[in-house]
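One chain, subunit A, appears in both complexes that follow, with subunit B as partner in the first and subunit C in the second.
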Partner chain A sequence: MTVTVRYFAGARAAAGVETEARTAATLEDLVREIADAHGPRLEKVLTACSFLVDGAQAHDPSAALAPGTVVDVLPPFAGG
Partner chain B sequence: MIARVVDEPLSVAEHEDAVADKAAGAVVSFSGVVRDHDGGRSVTELEYVGHPTAADVIRELAEEFAARPGVQAVAVSHRIGLLGIGDVALACAVSAAHRGAAFTACAELVDEVKKRLPIWKRQVFTDGEEEWVACP
Partner chain C sequence: MSLPPLVEPAADLSIDEVRRYSRHLIIPDVGMDGQKRLKNAKVLAVGAGGLGSPVLMYLAAAGVGTLGIVEFDTVDESNLQRQIIHGASDVGRSKAESARDSIKEINPYVDVRLHETRLDSDNVLDIFRDYDLIVDGTDNFATRYLVNDACVLLDKPYVWGSIYRFDGQVSVFWNEHGPNYRDLYPVPPPPGMVPSCAEGGVLGVLCATIGAIQATEAVKLITGIGETLLGRLMVYDALEMTFRTIKVRKDPEGEPITGLIDYETFCGVVSTEAQEAAAGATITVDELKDMMDAGKDFELIDVREPNEYEIVSIPGAKLIPKDELLSGRALSQLPQDKPIVLHCKTGVRSAEVLAAIKNAGFKDAVHVQGGVTAWATRIDKALPTY
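== the complex of A and B ==
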């Protein structure tokens, strides 16, 4: 399924792109694919990230992603 | 109620005024200020960036804390964009009937903002290196 990935903050810096289209059936497949595509720096960042799937916190990495889904890659928050 | 994510200077006094209440015997406020060092290194510049949902999350947090028993009112704002040393990044104020509830709510509000508000911090050191804080 083609999904849109949006990277934020340190994940954006590691991926080198703000947003991209990827093909993946599940969130865990997507994470593996973007780690392979962008290399070890992003792979390391991804271990600490949480994910929003169409704006909702993703709890099940094996749940199917519908076509057109937007996945946000969020590094640990650091406000304050 | 003030509960905002903004890209302009923050006034803690404005937040204190916003929680003023005749029933409040205590107002506790907090400023999170940009300091010139982190982990032993000198910091020259900080940038905060927020997720599009940050404004909704800070509103939820303010409403949640304002609904606490004993709390009269809550005001909280986070600044985003480029900040210099000494600038206020986080301003909050809590009013309550008694000081205990006000101190506790203000401290816990700051903790929850750090935990739940989708905002990130990039710091630039004097040697030109930069890092995204808390990002491996």
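== the complex of A and C ==
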């Protein structure tokens, strides 16, 4: 399925792109694919990230992604 | 999301107050009604640091009648690059008192209440109870989850902001009407994964950008005007100079928050010593698997407790509980002639042990980020997690 991936903050810096289209059947496939595509720096950031699938948490990473789904990749930080 | 006003209007404004707030009063959406609501509002700022500074100063100037400050720290010279509520003459003073003096200088009509204590599960509900709205400007994950959960339990809106280097995130959480912080970040990142501003730095003026948005959202919530950030996360990139807004929905499968927990354990707070030991001596479970597959000669030590080892373990791991190693009793069981790889459940305890055994002379040692939990979720998914 073609999904839109949007990277934010440190994930955007590590991926080198803000938004991209990817083909993946599930969230876990997608995470593997983007880690392979963008390299170890993004892979490390991804271990701390929250993934919003159309705005909500995905509890089952093996659930099918519908075509046109938007996945937001958000690294947490707690500075204040 | 548009919401009704959070606060009832105060009875009246004095002549002095009318003069002071005239630029608000002539905005039709605010007017006398909105200004009286601000006067009656009680806002609590958690932290009088980078974000707390602009939040408190602007809310004071805006005429919020009561401002509470939770802060136990003292002003350090390194704070002055961004914490503009404090000045050079405040270095060494209590931050709460320094912030109060600045607020009084900006607006003597504000009632300032100081809570000079470290927020924890025992005091948070009592401190929050009297306020209409909480604004979060703390600097660690444990306190952020604590603040979120307390706001959920007390049904308070929570204006959240977070900064790091050139990046900012800001949102409004209010469980009754929309998502809470756990709908965005259900669990904290692995300990030691995300550097703090003290470790990674922060652009000083970023505090103003994010803090000003927090103060804006507080004013809107109090007066009931406009569309708040409830249900949306705003992400700011100072280098690209972009604001991106994304939708955040309530997690339909999210665990309900029914009480407070031990937030330091939840967030895996590690000591500075352990963080230093783990820097450059941390491997991922994938790297551990690669070492195994390549037939490398090393000793894998599991530092959890025997009952945990029984639940799930990594093949080949030898159990030596943390306390045995920290006390020095079991150091003789460690090999002198090959590399040592430590792991625990999530990587907190193994980092502590790593610091201890490095001090004891075992230099060729690393620990596994994410521990057996990461192993069970990434390498061998047939294994249980607990």
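FYI, the second predicted complex is superposed on the first by the 78 of 80 C-alpha atoms of A that agree within 3 Å, B and C clash if a C-alpha of one lies under 4 Å from a C-alpha of the other, contacts with A are read in each partner's own complex, and residues count from 1 in each chain.
Here, a residue touches a chain if its C-beta (ideal position, glycine included) is under 8 Å from a C-beta of that chain, and two chains touch if they have at least 3 such contacts.
Source: prediction; values computed, not measured.
Trainee: Figure out whether A:G79 sits in contact with subunit B (first) or subunit C (second), or with both, or with neither.
Mentor: A:G79 sits against subunit B and subunit C alike.
Trainee: After lining up the shared chain so the two structures overlap, which partner does A:P67 touch, if you call subunit B first and subunit C second: first, second, both or neither?
Mentor: neither
Trainee: Does subunit B (first) or subunit C (second) touch A:G10, or do both, or does neither?
Mentor: Both: A:G10 reaches subunit B and subunit C.
Trainee: After superposition on the shared chain, which partner residues are touched by A:A48: those of subunit B (first), subunit C (second), both, or neither?
Mentor: Both subunit B and subunit C are touched by A:A48.
Trainee: Between subunit B (first) and subunit C (second), which, if any, makes contact with A:Q57: first, second, both or neither?
Mentor: In the superposition, A:Q57 contacts subunit C only.
Trainee: Using the superposition on chain A as set up above, list the residues of subunit A that contact both subunit B and subunit C.
Mentor: Common to the two interfaces on subunit A: residues 8-10, 47-48, 55, 72, 74-80.
Trainee: Using the touch rule from the top, collect the residues of subunit A that touch subunit B in their complex.
Mentor: 8-11, 13, 44-45, 47-48, 55, 72, 74-80
Trainee: Which stretch or stretches of subunit A touch subunit C in the complex?
Mentor: 6, 8-10, 12, 47-48, 50, 52, 54-57, 59, 72, 74-80
Trainee: Which subunit B residues qualify as touching subunit A in the complex?
Mentor: For this pair, the touching residues of subunit B are 32, 48-49, 51, 53, 78, 89-90, 110, 113-122, 132-136.
Trainee: Quick one: in the complex, what on subunit C touches subunit A?
Mentor: Touching subunit A from subunit C are residues 47, 49-52, 136-141, 144, 161-164, 167, 169, 183-186, 188-190, 193-194, 196-197, 200, 202, 233, 235, 237, 244, 246-254, 284, 369-370, 374.
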